[in-house]
Amino acid sequence: MDLASKLEKLSLELVQKNDYLYKVSVKIDQLESLLLSFINEFNYITLDSINCRDDLEDGLFTITYCLQTEARDHIVMVQTSIERETASLPTMHTIWPQAEIMEREMHEMFGVDFPGHPTLIDFALEYWDNIPPLRRDFDTLEYVNSMNPFRGQRTDALDTKEEMKKKREAKKAAKLKAEQEAAAKAAQEEQNNPKQEVSGDE
Amino acid sequence: MFGLDKGDKMESGFYGSSLKCKFEESGLANTHAIMEKAVRWFESRSIFVVAYGTGCGAIEMPPTFTSRYDAERMGVVGVATPRQADLIILSGYLAYKTLRRVIRTYEQMQKPRYIMSLGSCPINGGMYWDSYNTIKKLDDYIPVDVAVTGCMPRPEAVIDGFVLLQERIRNGEKAGWEKYDENLKFYKDNQKRVLGGHVDPAYETDWYNLNGGGIA
Amino acid sequence: MVFQIILLIMLAYVVGFIYFGLYRNITARIQGRYRPTVYQSFYDSIKLFSKKQSVSYGWMFYLGPIIMATGAVLTLILVPVFSDSDFLRSVTSQGNLFVLLYLMVLGPLGNALAVGTGGNPFGVMGVVRGLTRLIGLELPFYIAVVGLIIAANSSDIVHIIDMQKIGGLNIINHPLLFIGAMISMVGFFGESPFDIPGAPQEVYSGPRTEFSGKFLALLMSQGSLFAFAKLVLIVDLFLGGADSLEMLVLKTFAIFVSIIFIGIVYGRYKVEQAVDFLMKLPTLIAVLGLARVVWFG
Amino acid sequence: MAIDIKGVLSPLSAIGTLFEHPRTLTYPEVTKDILVGYRGFHINNLETCIGCASCEEVCMNDAIDMIHPDKEYNPKNTSGCIPRIDYGRCCWCSLCTDVCPPSSLKLDNICIHADCDPDNFLYMPKNIKNIGEDVS
């Protein structure tokens, strides 16, 4: 494959994931030239999507560009990692126009910067001043509960496990009580009976 | 360009408060009550709807308003602009961005005005209960007159909502817009909490002197 | 006479709104659904008059609906409603077709002023569309009217009616003029191939976008008055007027039904398409009719 | 100027619908037969409900609460609780009925509820053995 040899020259490895999915991992400084060669030399005219994954533990964002040729017979994923703190990527909107809105969304959801991007403004969220919502250090549930309280009428909900335990204990207690009562009854009967026995003996 | 920011004026209709005083003074309070009842009946028989497709529920609107369920036989007609509408139907979940537009649309409607919400989401969050960008209780932000549950509600349920609203208007029960006028601060505070103070434009707040404005 | 005028306006109001109700009924049945009541338009109108709020943008905004209503009322009282009776004849003798043609354009112009004050872009867009359409609408209608004036040798409507009593109805004598005038009348009624000013899917009810409450109610009322006046005008010009109330209702209803049938079944033209069509086919028909009148009497 | 006569005249055939019977369903007067298996509101056979809270756990919308019933219906109910559904949350996905071990929780085909107070949407499932049969 022509693409594979070219990538070999750049000492990059083309990994086949399945029948139609290939993957290349590159360093961030190689990314722009590689993407340019993808469209100029191999005619990957379609940019399907730009995805971002938040690797909070490593302090990295993993960015994936999915590319297709006109034949639509396979997808090449170009993967790169960038620093989480100073997240910045070269903008691709001059090559693939659809990248403009993808990058705009990524800027909003992950806080990735794209120097030279023309419309890096609010997209789906307006006036958002918190941590970008798809970053993993953004606590969604806490934010939701502070902004949007629940309808406060479901406070009578019960914890079933405790109810089960309670009921089991109640049952046990009832059983115990029944046993005790039976025992007490028996004892009382015993108390009564010896007299009878005694009386019988006489 | 819109001319909306110039400041709108409120006009009182022909059975406004001044008329009421006149009637009561002249001992014609009974006539006034009868007239008001008649007007309420006409209001209930003629409801102009602006159908705001905020979410999935917009798909239930076409069968409700077209031949299959034909809401027009009850006097419920769709109109194109909020200026002419009496009822706004909010169909489904509302993101903050949508809520801002909904408030703007609602405040452009002329009183008396009503709100109907479709689906579970505007009642208590529904599917989007843990979304960072969707409101849970719509009635915290704008007064909901009729809520219809379902995911999505069938057109029958929407028509049930219309019937309920007509009964409420006919009985002269306290409508949402009156609540909105009385508790404006409550609603505006809630709106500002989720929208970050960017509630634009502030028609109602100007009218009620909350922002230092006034009726021009 | 004032009493007569008030009576006429009330008659036109009732008949106009009932016609509008019938229009909604017929539309509903053609679309395969049950209808609203015939009185639905009354309900709408009373509700709109009793709205507690109506947005206004100053005195010019008030004038718009009032100018439109003035145009409608003047048209109404200048059109002879009954041909044989003296009902409103004293007013009618002072008006003629040229005044009517002028008054029919007054409404849209007054509306344009008010909409401009409102400043809503959809309203302005609707007004521009309406005035553009008016160019196309007026051409065949005016040619048809000129043809009738030449045929009757008079611009007095009463005279035209009287001529029809002697020489037969104009619809039979001058069918080409009738067809030309009817096609443009479909547009004057805002019916479907030519309903471009208030196209709800495009410009959000167009010139009416910013009108609410009382203003909208006034616009609706003048619409029904004006519709009645236009129907009576067509009946007078082509169907020989009406002697009695029954004949009036019958003839106007026949015209009305044929107009709304056209309006319901056809789709909407674009602005240029509408003007293009009106400038070609109806104008051609009307010109042929005019030529027939000029050369063959 | 070529005129498509057929194209101009054929829309007029739609006027024939004027004399046909309307196809509208006049809802409040006439109700449609709703399909069996339609996912409407919940029903719960309380005599077999074991209070296991599987429905509460599986619900992705957090719509189900377990609460005490007014009286004891099933002596074998392990927790003494029955489910109550918040119709401001439910999306009628039917997962709760799928996981219900005794198959007591089911969906009826009634699905219409409009209310003017948004606080009125907590729903106690009707105590019905099977669809179309009322035991309470």
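Every chain is named by a letter (A, B, C and D) in the order it is written, and numbering of its residues begins at 1.
The rule is short, and it goes like this: a residue touches a chain if its C-beta (ideal position, glycine included) is under 8 Å from a C-beta of that chain, and two chains touch if they have at least 3 such contacts.
In this text, all values refer to a predicted model and were calculated from it rather than measured experimentally.
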Chain labels contacting chain B and also chain C: D
Central chain of the complex, centres being mean CA coordinates: B
Separation of mean Cα positions, chain C and chain A [Å, integer]: 64
Averaged-CA centre spacing for the pair chain D and chain A, given as whole angstrom: 31
Chain A-chain B separation of Cα centroids, rounded to whole Å: 38
CA centroid of chain B to CA centroid of chain D, Å: 27
Set of chain B residues in contact with two or more other chains: 67-68, 70, 73, 123-125, 129, 137
Junction residues of chain A - those touching two or more other chains: 151
Multi-partner residues of chain C (each touching 2 or more other chains): 28, 31-34
Touching pairs - complete list by chain label: A-B, A-D, B-C, B-D, C-D
Residue ranges of chain D touching chain C (in the complex, touch as defined): 1, 3, 11-12, 14-15, 17-18, 20, 22-24, 26
Chain B - residues contacting chain C, complex: 1-4, 6, 8-16, 39, 42-43, 45-46, 48, 66-68, 70, 72-75, 77, 79-81, 83-84, 86, 108, 110-112
Residues on chain D engaged by chain A in the complex (per definition of touch): 51-53, 56, 65-68, 78-81, 86, 88, 118-119, 122
Complex interface listing, chain D residues touching chain B: 22-28, 31-32, 61-62, 86-92, 111-118, 121
Residues of chain C touching chain D in the complex: 26, 28-34, 261, 264-266, 280-281
